[in-house]
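Labels A, B, C, D, E, F, G, H, I, J, K and L are assigned to the chains in the order they are written; within every chain, residues are numbered from 1.
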Amino acid sequence: MKIIIINGPNLNLLGNRETHLYGRTSFEHYLKKIREAYPSITIDYFQSNIEGEIIDSIQKSSLLYDSIILNAGGYTHTSVAIADAVRSSKADIIEVHISNIFSREDFRHKSFIAPHVKGIIIGFGLESYRLAVEYLINE
Amino acid sequence: MKIIIINGPNLNLLGNRETHLYGRTSFEHYLKKIREAYPSITIDYFQSNIEGEIIDSIQKSSLLYDSIILNAGGYTHTSVAIADAVRSSKADIIEVHISNIFSREDFRHKSFIAPHVKGIIIGFGLESYRLAVEYLINE
Amino acid sequence: MKIIIINGPNLNLLGNRETHLYGRTSFEHYLKKIREAYPSITIDYFQSNIEGEIIDSIQKSSLLYDSIILNAGGYTHTSVAIADAVRSSKADIIEVHISNIFSREDFRHKSFIAPHVKGIIIGFGLESYRLAVEYLINE
Amino acid sequence: MKIIIINGPNLNLLGNRETHLYGRTSFEHYLKKIREAYPSITIDYFQSNIEGEIIDSIQKSSLLYDSIILNAGGYTHTSVAIADAVRSSKADIIEVHISNIFSREDFRHKSFIAPHVKGIIIGFGLESYRLAVEYLINE
Amino acid sequence: MKIIIINGPNLNLLGNRETHLYGRTSFEHYLKKIREAYPSITIDYFQSNIEGEIIDSIQKSSLLYDSIILNAGGYTHTSVAIADAVRSSKADIIEVHISNIFSREDFRHKSFIAPHVKGIIIGFGLESYRLAVEYLINE
Amino acid sequence: MKIIIINGPNLNLLGNRETHLYGRTSFEHYLKKIREAYPSITIDYFQSNIEGEIIDSIQKSSLLYDSIILNAGGYTHTSVAIADAVRSSKADIIEVHISNIFSREDFRHKSFIAPHVKGIIIGFGLESYRLAVEYLINE
Amino acid sequence: MKIIIINGPNLNLLGNRETHLYGRTSFEHYLKKIREAYPSITIDYFQSNIEGEIIDSIQKSSLLYDSIILNAGGYTHTSVAIADAVRSSKADIIEVHISNIFSREDFRHKSFIAPHVKGIIIGFGLESYRLAVEYLINE
Amino acid sequence: MKIIIINGPNLNLLGNRETHLYGRTSFEHYLKKIREAYPSITIDYFQSNIEGEIIDSIQKSSLLYDSIILNAGGYTHTSVAIADAVRSSKADIIEVHISNIFSREDFRHKSFIAPHVKGIIIGFGLESYRLAVEYLINE
Amino acid sequence: MKIIIINGPNLNLLGNRETHLYGRTSFEHYLKKIREAYPSITIDYFQSNIEGEIIDSIQKSSLLYDSIILNAGGYTHTSVAIADAVRSSKADIIEVHISNIFSREDFRHKSFIAPHVKGIIIGFGLESYRLAVEYLINE
Amino acid sequence: MKIIIINGPNLNLLGNRETHLYGRTSFEHYLKKIREAYPSITIDYFQSNIEGEIIDSIQKSSLLYDSIILNAGGYTHTSVAIADAVRSSKADIIEVHISNIFSREDFRHKSFIAPHVKGIIIGFGLESYRLAVEYLINE
Amino acid sequence: MKIIIINGPNLNLLGNRETHLYGRTSFEHYLKKIREAYPSITIDYFQSNIEGEIIDSIQKSSLLYDSIILNAGGYTHTSVAIADAVRSSKADIIEVHISNIFSREDFRHKSFIAPHVKGIIIGFGLESYRLAVEYLINE
Amino acid sequence: MKIIIINGPNLNLLGNRETHLYGRTSFEHYLKKIREAYPSITIDYFQSNIEGEIIDSIQKSSLLYDSIILNAGGYTHTSVAIADAVRSSKADIIEVHISNIFSREDFRHKSFIAPHVKGIIIGFGLESYRLAVEYLINE
């Protein structure tokens, strides 16, 4: 079983900035912990601040992976183009968010991506990613 | 560790009706499976079609349980009163939905409850409940 | 043929209050007249001011009756939960209103229930109920 | 007792087109059945695709008939001018719709005419017309 | 100097219906009075309930008259097509309304025609027409 | 003179929860103080988390009491059904709120009940109830 | 017969500024022309840029004049307070506008005052005022 | 203890105009009654139709009085500037309204001031002012 | 192959009016050019300012022609009734517009017809019609 | 004559995915057909999933090509930045869409680009591109 | 070179109130500093809480000064009348705000004045005024 | 002191295109002038049409520069992702716009970035940049 986690804009700063919202752990550190917890599966990782590179990655990953765990960051709320890539993908895609987007600004309550994914996990901090993996290995 | 699952209106019909949306498993059957999977914790269950009884249950459960897993069904989208009960509760509350509410009618995209919960899990079928338990035991 | 009429909040006051809107006949009195006019069928009756009890009644009536005539009163305009019960019911459901809801406040123009029923009859006073029966016996 | 049924745009196609929405019976055929069922009353019929001719017909019918059964078709949702004709008519007017307009596009949920009519009957197929007649003869 | 008054739907009923809104004078009677008051000019008159005939009349009148006094009735609030005819006319057009449209329903506050006319006169009863003539002869 | 105070959902928690919003006094304690301050009148009390029971109570209290002091809590902002009960009641009804609902979320600025009551008192903490009593005894 | 014209903010600049919108005639010059045209009546004049002074003037003029011709300028679109003064005045009030407010910005299409006046005259340049006088002397 | 009552536009007409909405008592007369009822405190009074003078008065009164009772009349619904003065005042401010603003036009349901005051009292006629005083002396 | 072009209101003025928007060629002249360019097919033409006659024409043309090229003019933006005729037609229908409706007023950005047609061609001047023909002969 | 076709996000998947919406032909295959059909002109091609690269391409192509045929895919509905590039380009730009965007989700009905292009062609499948070429060679 | 700074409502309180938003410096003190920094130009100052006096001042200053620096305070968001004065002024006008109005309430994001000014400077505290002067002397 | 100016999409065209909006000076030319005017500080420059590269640049610049002057061009109005980068940056960021965005289309009045910056300077042409520098050196 092969999974890829795709992270969108500003998520490369995890652990350094706005730690009251996102915590103090870097994503690389957390990723290591998940990989150790689920040794039987491959978990790859891609991050970009560029909307189109996220689309590229979703298109390619659809052919190479069983599932995609996608946190599109700020593009979640504005990108029809990423949503189109998600909709046309044959891989299972799970949308995750670290913070509770519903207790933040109104424009974060809208996700263009959500209607097209398998499921959505919101607000559990970095644990949102592990819950997605947990779902996938039991599917 | 003691958890209670509170289900709202029409969720007593799970497994019988609209199986294309909610699947063919009754909640009681599924609950048995979760309890077997997590034998070290207590998982109680309450269901009501009455908005005020759900409020009663949240108020009482806040004193008796560590955590509440809440699927308020149709009241999710209309009940300020349940949201107020959630907001004033001291227990951790996790909101779950069986179907992907974002691929359904517009009025289902709004949750009065979501801003006040620990996290939200949407669209994984009955597995949404198990992921909530999975989070709670690792918290 | 078995039919149940389910009336929602404040409809227990029919004939006593706001007679300019709803007329001076009590529902019990009117019900007697309908039963006499259609002696070959069973017409049962349930009223509650509690949203969840109306849901309970719709769920149970779906198994026991051929058809439901539903006037959800004020809940018509606010209840996703009753609409969900209607949507998942296998009985034919007809929505009726005594007054012309379209010549009243804007919030009464919206019915969450209407998209899921067989048909809707509005504004004929208590005769709205009899027209529903008339339809059902000729269906 | 004299009644006229006024049908608006595209209702001349009944029975030929979009039979999943409107059924396979032509209106002429159905009209014959109603007339046979209610032999004691006169039921005339007028259809036009032209908004202004419907207004003309409402104005004239108000003087010649006791009641009007009006299905203004697509003009229901856009015509202030027909609604003004209805409002100023002294005859009883009943609004009918063949399909359930509330389970269709949003713009069909609005009727300019409804606030000014005696009652509204929606979604019973062609039977919507007979229920209107049934009401009128018992009024 | 040649003027034409073009009246829209339901204005043929003036003096007979809704006299609390529109007064008890028929338009023909009033027109006679205006013609007597302004004997030096020609004042023609056209009324139709049909939107397209009003457009026809505006198109033709633009060639034959110096000015048009237009009361488009209910079409005022809904007709882009009449507004387009007004916009492309070379004659001066004045919009008049008998009743105060701003003290009535919200949908009457919007005029598609108003941005394209010389001036607008609202709410003076039938005198609205005479004020328009008064303006035109002094222009 | 007989008055009843009807409190809606979550108001049974007064004094225990969210004390920054609602203060530290339990309602029972406060009620005792009011009764002592106004010994000449009867002040009864009813609380329920169930919307329909509040409707039941308003209906019955209209026959048994001179006046009702109503704090419908979260139902204030969503319940057409309670508003209908208020509208059809013959007793004087005063709406009260403990916190300043206008300095909180937008959805709390709308009251379905307010258009139908004698007066509204907002934001004085528990003193809002005493001001209502003060008004009633001087009316 | 005594009339007062009340002009609102920036109308003291007439004839000097934005002459493409308002023309090149000063109001004083125009006023002289009207007074000469209607010698039998008194036409007084008041202008202020201050909202509350316009309210003062309306209140006082209601006692001293038969009619008020009011051009509230920019306050037309924002002032509930002036509209309240107009509504409670016993004098006839006519609203006038020099330019066609419906061919300008959207916020100028709304008048708080219009629902409460006798009639409205818009877009005839300064002639709008004379038409108002013309109406009043023939009333 | 020193209190000032600040009344906004058109409230100088109290007792003379629109008596169905505001009653027949002049404010001066009523003020005398309140002063007699609460002899131990100073109650001053200011009224202006000018928005900026109300701001001036709030600014000065904040330094000279313990509390302000403010009825900003029509400015309640439109004035950010008065709301800013209220927000920056150190005195306790209570907002009052004579009529029930929630049973009137939609634009009266919005108060810019309400989020910044101690409490709000609406719809008790002139008694709204006395209830405010009653609150202040018991605070 | 038989095609009909149906033109809506004011398009009979093409070449005479508003030439900056619509060009200087009359439609008859342009039609002759298209017919010469595509001699192997029949291209008929119908124009009316009357909404209902356009509906009549669409209904009849559906039986007599392979395809309809429809420019409904101002009715494009307001007519549910024409859209219903288009939806129920079995002929291929192509919607065309001469000017770029998206660079004009907001209300022109909405087409009721567009969801039901084969394709839409906008803004190429009269060439929009020829492109539609070009598509149809290559389909 | 030199033309460039610029395709936006996900259009590199044409022929492989969502064939019910976009058909089974790859764009490269189709492009070959167009080039053969119009041998006298140069038709270049650029595709990118990255919004800014599309802007780069529009800026450069404006200098190198006579015309641009632009299908901005999902960016059509969200990109002010691409629209700005289009607006400031000196080349003729034609907007094309393969599917009928008006029969899909509401957010696809809005194009930021459309107000600034020469013309728009929507819904003819891949033929939309050829019609654009057809227009350009006859311009 | 002659400049006038015009300050609107509540800005007379600068340095005394809400110092977290507006700082602790009085405007008079700050003005002295600017005048010292730019000794070659005249900088006059006007403040009023009255909307109409601000209009008066803009009208007069347009004749007497080269440029106006305008902070209309709360009137920025509500005053069409001030915006009209700005629009018709021949002097250069620069709009300034002390606090960042975009990080405050939604109603502060709208400025009626902004479309008509030379430029806008927001959020730099009192330094916003000096930047305006800095621009003007280099223009 | 080190400053970087980051320019967004289409700003590489400055001086070449739409000179009525943006002037005839290229940014490089203007930059040279600013550097000469403020020789004591380092002013670096970055421009990209790619949203994600602007995010990259903001993230990196936050570590390397004291302040950022950001003109995000068209992304200002649509990019949550850039706004997130701005919000999480520790450097002072000033938002500038060359043209007056409030006198252009409605969608340009909204800035996602503005709530998170130190200050905003709008509409002074290229001088907007210099004013930002002027602020920073005096901070």
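Just so we're on the same page, a contact is a pair of C-beta atoms (placed from the backbone, for glycine too) under 8 Å apart; a residue touches a chain by one contact, two chains touch by 3 or more.
Note that the structure is a prediction, hence the values are computed from the model and not measured.
Undergrad: Moving only from a chain to one it touches, give the least number of moves from chain D to chain L.
TA: Minimum step count, chain D to chain L: 3.
Undergrad: Pick same or different for copies chain H and chain K, depending on whether their interface residues overlap by over half.
TA: Looking at both copies, the contact residues mostly diverge.
Undergrad: Taking the mean of the CA coordinates per chain, how far is chain I from chain J in Å?
TA: Between these chains, centre-to-centre, one finds 24 Å.
Undergrad: From the mean C-alpha coordinate of chain B to that of chain G, what's the distance rounded to whole Å?
TA: Taking the average C-alpha coordinate of chain B and of chain G, the gap between them is 62 Å.
Undergrad: Rounded to a whole Å, what is the gap between the Cα centroids of chain C and chain F?
TA: One centre to the other, that is 31 Å.
Undergrad: Residues of chain I touching 2+ other chains?
TA: Within chain I, the residues that touch at least two other chains are 50-53, 78.
Undergrad: Of all possible chain pairs, which ones touch?
TA: Result of the pairwise touch check is A-B, A-J, A-L, B-C, B-F, C-D, C-F, D-E, D-I, E-G, E-I, F-H, G-H, G-K, H-K, I-J, J-L, K-L.
Undergrad: So in the complex, which bits of chain C are touching chain F?
TA: Those residues of chain C that touch chain F are 8-10, 12-13, 17-18, 48-53, 73-75, 77-78, 107-108.
Undergrad: For chain K, which residues count as touching chain L in their complex?
TA: By the definition above, chain K touches chain L via 100, 102-103, 109-111, 114-124, 127-128, 130-131, 134-135, 138-139.
Undergrad: If we count contacts the way the header does, which residues on chain F are in touch with chain C in the complex?
TA: 50-53, 55-56, 59, 78-85, 87-88, 112
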